[in-house]
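Following this line, the structures themselves.
Okay, so chain A shows up in both of these, paired with chain B first and chain C after.
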Partner chain A sequence: MIKALAIEFYKTHRRKIFLVVMAMIAAQLMWALWSFSRMDVRDLEQGWISSLFQFTLLNSLMMPVICAVVASRICDVEHKGQTLKLLNTIIPSGHIFDVKFLCGAFYMILAVLFQILTILITGYLKGFNGEAPFELFGYYLLFTTAVNLSVLLLQQVLSLLFTNQMVALTVGLTGSFFGLFSLFFPQSFQKFVIWGYYGVLMFIGMDWDRATRITNYYLTPIDWAGFVMLMVQFLVLYIIGRVIFSHREW
Partner chain B sequence: MFIRTIRAERMKLRRSPVWLAFFALPILPAVMGTFNYQMNIEILQDKWYSLWTQHTLFSCYFFIPAVIGVYCSYLWRLEHTHYNWNAAMSAPVRVGYIYLAKLIMVSTMVILTQVWTGFLFILSGKLIGLDNPIPPELFSWLFYGALGGIVISALQLFISLVIRSFAIPVGMALVGGIAGLAALAKGYGIWFPYSLISLGMHGNGPADEMQYSSGQLIISCLLFTGFFILLAIIWLGKRDVKTV
Partner chain C sequence: MAQIITSTGLGKKYDKVMRVKDLDLKVPEGAVYGFLGPNGAGKTTTLKMILGLVKPTSGSVTILGYPLNSRNRLSILKNVGSLIESPSYYGHLTGAENLRIFQTLRGLPEKEIDRVLHIVRLENQKTKIVNQYSLGMKQRLGLACALLGNPKLLILDEPTNGLDPAGMQEMRELIRSLPNQYGMTVVVSSHLLSEIDQIANSVGIIHKGELVFQGSLDILHQKSKRNIAIRTLNNPMAAKIFQGNNILFEQSDGYLILPDTKDELLARYTACLAENRIGLVRIEAREKSLEDIFLELTGMAVSL
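Right after this comes the complex of A and B.
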């Protein structure tokens, strides 16, 4: 298993997956920096939580596509080289499924860590009020990673099962759309689709007063039930995906 | 010969489900945009015009570029896989024709998507009972939107030609769309290929005066498209193909 994982990283070595993830994160950063650059005193006061809010919004828009790209990059090599038949003779197909997922998960976790690092750096440079709320960052890391990995898993299943990568990428795009739009919809709707969980697990609310044009951010209670539901979906997806992949003739 | 190249492209796509994406994806913004419009009806008071912003706001920036990206990636993937480049390059066809035939296929799809978007817009407006007349500008929004879409198609076809991966060009299209939003906000929309579609479709507010004249927009679209076609033809002519 460890060896299989090492091989997986070896395969992605020159495929510059990390560069892809970084490029997408860089686009997010530009956006964030642009919005940070227009902060007034009031915004600086709530800088930490407003930036967590902003990044969650950006994540629900971009992460589904990033997951789709990463999963497709990792899985498409096997289709292009028609190597799955060969691989199956030396590694159990369940293991191939697992190591591919772990490999993708590594990049996705790195991406979130990198986001947090950026918030920290810009926060201290811009002088956000108060100490950095590390507890909130912990929750952000946990929830964003949980949703990212669930979406990544879905994408991996699609990218492996359909040789035509168009299917996976189209689903990824649709997911972005759902993720973004579900933020405008009630929670009950968000829970229907896996991409809506960026919104479900968001623990910061925003009030925008139309008359005064003042934005207020506040903490909302964490939806642990939603988190459990996400985990259940993850498990179901994992089991179904792995079984179908293992029983497939390549 | 060119006609036959186009016909070959059509044959390659005949049984593929690509049209499904173009058919399904505009439905999402239409349904969700209409829903959002209904929820915020007290703020959005310009009826058809408000509905249009809700329909196009996100799709212009993020989704149309990426969907075009998916389509272009798919078209080149047919050549990038299975040693097909060898066959494509040894056929007695100018290399430019291969690119142009693909561009025509994508452009047709973009135009059909615009027609479909327009139809969905009218349909959802009627369904929620907007009683004033349909804005006469609708046709021009769709027309300029199609032009902007063709620019993105030319660019994405070039990117997918150079980068042999399926997914990366799609990611670039998404980032391009977001950068397009920034370029538009800064007022450089006309200089940036990914912004032209939202400029053309008046995504951020159809009632606003156009930032640029339609002549400027058309010239920009033509120049960009021509430039990317040229780049692609030079690339195809100079670079040796890699198979597998």
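Right after this comes the complex of A and C.
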């Protein structure tokens, strides 16, 4: 299994997956620097918390696409070179599924870590007030990773089962719109779509006062039930996806 | 001779239709077994069932003496190299990098990469990205991949597909040399009879999912031997005369078919008929080509 995982990373050589992740991070850094270019004292006081809020919004739009691209880059090499029938004579197909997911998960975890680094860089450059809230970063890392990996898993299943990667990429693009628009719907609705969990697990709220034009950010209770529900969906999807892939005839 | 692959009643149903029916394959150890059949006959499906890539609807397969099942499949296949339908490769990697993937997954020493590259004569192209390879080079890379670890059994599905005549000849020579040089048994499928005739010493002919012939290629060659066909005005009388003179013959379609013989003997036979006042209508030499036999067996005239 370790050998197969190492080989999976070896296969991503020249696939520029890291570049895809870094391009997203660069875009988000540019957006953050622009967005926080004119901050008053009040904004600086809420700098860290508002960053986490805004990056979550960005994630709901961008991460589904990045997940789709990463999963597709990892899986389509097998379709293009018709290698699955050969791999299936060497290692169990379930292991192929596992290592592909772990490889994609590595890049998606890396993406969240770089995001946190981006927030830290922005915060120190702009002079956000107070110490960086590492506990909140911990929650952000946990929840964003959990949603990312669930979306990545869905994309991997599609990318492995459909030779034509347009199917998976179209679902990814549609998912990003679902993710963004679900933020405007009640949480009960958000929980129906996997991309809606960026919003479900957001632990920061925003209150914009129309009269004073002042925005207040505040912490909200963490929806642990939503987190458990996401994990259940993840497990069910993993088991179903792995079984379908393993029983496929080549 | 021991069998390296045996299948019993092997069958596969797709969309309620049996695409492969009751296949009893027997592949002798050390042979180059030609698996011959027209396009769509069920060759690839059969080979995939042997490798466990497709689950049989009925029957069983034994490889290297072990009945193949989902638990022992991968351990049996450690001794089997395969190239099914088209070569498997990662186009964005070099030839050597491709081989490294399968060498590592198979747990083989690194020197295996250079060994197989040497066999397929790709040493000078090993640092080239595979997407820049010609089809022939990709086929050779696929063969190199199958040769990793010097497997006891090699299964090659139409390995010369898409190659130019020179590439085909090179691939055939390479395949033919494998049993003697490396002690392998090779199963090679093809829809080209001439190709199987050049490479194989044992053959299985499949048609519409059924095995219509299996055995040594020599048996097919014997069937293709020249015969003498004689037609007379009184065949029953001529037959009696031949029987009386201990002349071997068969009767077919109004002809007396004799094995090919010397001109002097043939002259004596015709003289014998003349002495008995039996009018000789026609005498002709008949030769069945391997193609004729194949067409007889498969009852069709395609893909040749």
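Structure notes:
Going forward, the second predicted complex is superposed on the first by the 250 of 250 C-alpha atoms of A that agree within 3 Å, B and C clash if a C-alpha of one lies under 4 Å from a C-alpha of the other, contacts with A are read in each partner's own complex, and residues count from 1 in each chain.
Operating definition for what follows: a contact is a pair of C-beta atoms (placed from the backbone, for glycine too) under 8 Å apart; a residue touches a chain by one contact, two chains touch by 3 or more.
Predicted, not measured: the structure shown is a model, and the values here were computed from it.
When the two complexes are overlaid on their common chain A, residue A:T170 makes contact with chain B while staying clear of chain C. Of the two partner chains, chain B is the only one touched by A:F181; chain C is not. By the touch criterion defined above, A:Y124 reaches neither chain B nor chain C. When the two complexes are overlaid, the chain among chain B and chain C that reaches more residues of chain A is B. In the superposed pair of complexes, A:K80 makes contact with chain B and with chain C alike. By the touch criterion defined above, A:Y10 lies against chain C but remains apart from chain B after alignment on the C-alpha atoms of chain A. Comparing the two interfaces of chain A, the one with chain B and the one with chain C have residues 80-81 in common. Chain contact summary for the complex, chain A toward chain B: residues 20, 23-24, 27, 30-31, 34, 61-62, 65-66, 68-69, 72-73, 76, 80-81, 164-167, 169-170, 173-174, 176-178, 180-181, 184-185. Only residues 48, 51-55, 74, 77, 80, 82, 84-93, 97, 100-102, 104-107, 130, 145 of chain C touch chain A when the two sit together in their complex.
Note for the complex: chain A touches chain C at residues 3-4, 6-7, 10-11, 13-15, 77, 80-83, 85-92, 249-250. Chain B meets chain A in the complex at residues 16-18, 21, 24-25, 28-29, 32, 35-36, 39, 58, 62-63, 66-67, 70, 73-74, 77, 81, 165-168, 170-171, 174-175, 178-179, 182, 244.
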